[in-house]
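One chain, subunit A, appears in both complexes that follow, with subunit B as partner in the first and subunit C in the second.
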Partner chain A sequence: MAVHNYIRQRFFPHLWCPGCGHGTILNNMLRAVDELGISKNDLVMVSGIGCSSRISGYVDFHSLHTIHGRALAYATGVKMSQPRLNVLIPMGDGDALAIGGNHFIHACRRNMDLTAIIMNNRIYGMTGGQFSPLSGEGILCTTAPQLTIDRSFDTVELALASGASFVARTTSFHVREITKLIARAIQHKGFSVVEILSQCPTHFGRKNKLGDASNMLEFFKKNTTPFGSKAKQDNPELIERGIFRELDIPDYCADYERTIQKAQKGKSS
Partner chain B sequence: MTQDIKFIQGNEVCVEAALYAGLDFFAGYPITPSSEIAEHMAVRLPGIGGKFLQMEDEISSICAITGASLTGHKAMTATSGPGFSLMQEALGYAIMTEIPCVITNVQRGGPSTGLPTHGSQGDVNQARWGTHGDHAIIALTASNHQDLFQITVEAFNLAETYRTPVILLLDEMLGHMREKLIIPKVDEIPVVKRLRTAVPDGVDFHPYLPREDGRLPMSDFGDKHRYNVTGLYHDMWGFPTSDPQVIHGLIHHLMDKIENRVEQLTRYKEYFLEDAEVILISYGSSARSALHIVKNRRKRGERLGLLELQTLWPFPAGLVRRKTRQADFVAVVEMNMGQIVDEVKKVVDQHKRVFLVNRVDGGFITPENIKDMIRLIQGRGV
Partner chain C sequence: MKKQKKLKEYRINREWCKGCGICVHFCPKDVLELDQDGKSSVIRPDDCIVCGFCERLCPDLAITIIPEEQEAA
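Up next is the complex of A and B:
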């Protein structure tokens, strides 16, 4: 099936700026869904608030566009009440890790079979270019006219430390990798995190003189390397891509099924 | 026929009634004085194949039940003051997206951490106005366990009927008090099932297009109709819009479906109102003391009556106006600085006839407290 079979055409044109990386992520996310052959009726997309979160309206799945930072909490209710559904949760960096940071670490710990996709452009785009917890130091933003002094999270380290059983990272330049990693993440039984570095030429790039979208994509190409590569040893500044963890441990809903069985056995005896 | 009689806490009554109403999903976060609701849910739900989640906070709890309701499950969360404050944004989301659910608030003294282990009725106005933007809300309460059972089932019924979150306001006294409850037999209290659409597969489904009777049939997430749900103003498909005509239609629909049905939504009880010169208006646990003093004074020939409100929002203005017409004065008995008394003043013919009889020191308002204040109002001295 072609990608356009998975979108709601009446919702287009989308609201993303020219050069934004989010459209590339949407495209390759849909390719992953297509590859896996999942029925649209079995897919739920839950998102929060922000540029990235508008993605849920564009896909022809069951779509839940919620409130800022809480997408994972809504998704937890959807999945727990109907475990057969595949639940995808695209989030921005601010949505997932600032206002939604607490839900993120707890979702990692709980290991419910959800697929979190963090579209990290290191900026609040929709509100006009304020710094996020992923911006890092020395960045020019509307709320840091003298450059940021806030240190950033590393999404992958945070996910690993919080107990996520699948953790991966790629960029909007590495389009086939997006498809591959999202497909693996959806197939993974347990909580999966896929961080995708995305470019915001309008706010992040323009203010920080990083050039246009193609320059920013080139940055992703030149400054990233596959996880565990020799290049990383030679240049520790490189950002690693790939799968950092893929653990086969029981997911929350499977464990809860056992809780139900235990409770029902106890009742009959 | 043997009766199923229990001697339990109000919080447990709420659990049993929710299960009777068809709840099979609960998410919550521990907080005094509502924690027993979560504890009993954790005991009861797995045994019937239902789901219990202890979340990381109250925000995620209300979000989780909203998500569960969308897949077709009857769901509830329970909390107390500070947790209810945290839930306000997501409450507005459930109102805007018209997702049925029940939020129980076992009230304690506030503001802030306040009095965790003491009762209060200080969240009445928060239940009405806590979330931002214009909206309507249904909030119910009760004063004894038998009524609480009935009202809890009705909370679920109204949530389903009107596709809206319903607030169930308990208070610490009611939640922790133990008294007799006769569990109603199956079908003794009607239970409203989820209204699902009859639109067949392949035909355009409009999740936000009311039928002629005003109701909006739903389709479960995961079923054949895929639609969009958003907290933005949206059209009949659930797609975001900034079309003034559609916005106008939606805000009026959200208000009217509740505010235009006050009579159908009103639940109340009355005692000795026919010839009452002094009418007490009360609700929740305060109504117990109010009823006690009314019965006690009646024995002495004093013409006191009680109007006990079970629906607090939408405020039953017409009922209160009708019932208080003949009274010399009206005393509103509540454990707050005067939240329902303002509503009563708005609707009675002479607002100077309306007095507040309250207690806000963490102690339970007693019949003696009420008696003393009525004597003061009557100019008889204590």
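Up next is the complex of A and C:
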């Protein structure tokens, strides 16, 4: 199948736990790449550290597995040196918004043409279940035995406020939407943020008695609704999915190129 | 004439399947079950409507569905 042409099959079965949503995100992200018909040689995947970040080891693109929280900084370097390449940056919620939070808001602000995919399972999966800035209140984690008291970031609102020009959200249950939104995000010229709610049955699910992976997917099915739907007005608790912003504004590399030309003109005259 | 997809072949990579049960749980036609080894297996292939949901949901990329294009009767 097409999807299998884009992976390093020698590393399968992969290391993710049974029922981990990160695998489903990989599955449907590869379909987006396949639909767009992008050559493997024109794709770079840059990731940090985390269960989610391991995704870069499984794809047969150019890949960089870097350090925790810094994937966007490396991706910025790749894009500045090779603007023609498509750069995908999958990140965990901790990687992107805890240790990497500052890189995230400034990448949004700069509007560099990168595609950030936030695989949000609301916990630090890799290190055994500590809470993250996306856990929200009342969650049982190894670092909050009496339940969390921190309020959560809203990834979409944070990205919008920081100036990202494409902002979308879906879940690991809404598989066709993953493909559609990632394809749109890759095609978008500017900084794209696609948040995908994902399940970590091993830590988040087990500690919070949410049942198995299927039960966690049922939660995404029942508690989300398309952006702007009437259901949201009736039940404000629902999480919205879809595209929240798609703005055509100059991206950083285009502005940088113009700056170079301006400087060179100055020299020759 | 309307084309209707029919199942030609259903492949489950037993080396990759981790038995999470997601495909079994969400198949709209109850085509799949976990066998005694805890691996997904096709129990009612004739009921499969080739919707592809199981293939896309599988976190382990273990399912491949090969449809057969057929003229609807």
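Remarks
Simple rule for what comes next: the second predicted complex is superposed on the first by the 268 of 269 C-alpha atoms of A that agree within 3 Å, B and C clash if a C-alpha of one lies under 4 Å from a C-alpha of the other, contacts with A are read in each partner's own complex, and residues count from 1 in each chain.
Just so it is clear, contacts are C-beta pairs under 8 Å (C-beta built on N, C-alpha and C of every residue); 3 or more make two chains touch, one makes a residue touch a chain.
None of the values given here were measured: they were computed from a predicted structure.
In the superposed model, A:63 lies in contact with subunit B only, and not with subunit C. In the superposed model, A:21 lies in contact with subunit C only, and not with subunit B.
By the touch criterion defined above, A:227 lies against neither subunit B nor subunit C after alignment on the C-alpha atoms of chain A.
Taking subunit A as the reference, the larger set of touched residues comes from B, when subunit B and subunit C are compared.
Contact with subunit C, but none with subunit B, is seen for A:7 once the two complexes are overlaid on the shared chain. Legend: residue contacts after superposition of the two complexes on their common chain; A:213 is shown touching subunit C, with no touch to subunit B.
On the side of subunit C, the complex with subunit A involves touching residues 15-16, 18-22, 25-26, 53, 56-61, 64. Against subunit A, the residues of subunit B that register as touching in their complex are 25, 27, 46-47, 49, 51, 53, 55-57, 59-61, 63-73, 75, 89-90, 93, 220-224, 226-232, 239-240.
Listing the residues of subunit A that touch subunit B in their complex gives 8, 10-11, 40-42, 44, 46, 56-57, 60-67, 70, 72-82, 84-85, 102-103, 106, 256, 259-260, 262-264, 266-267.
Of all residues in subunit A, those touching subunit C in their complex are 1, 3-4, 7, 12-14, 16-24, 26-28, 31, 173, 175-176, 201, 212-214, 217.
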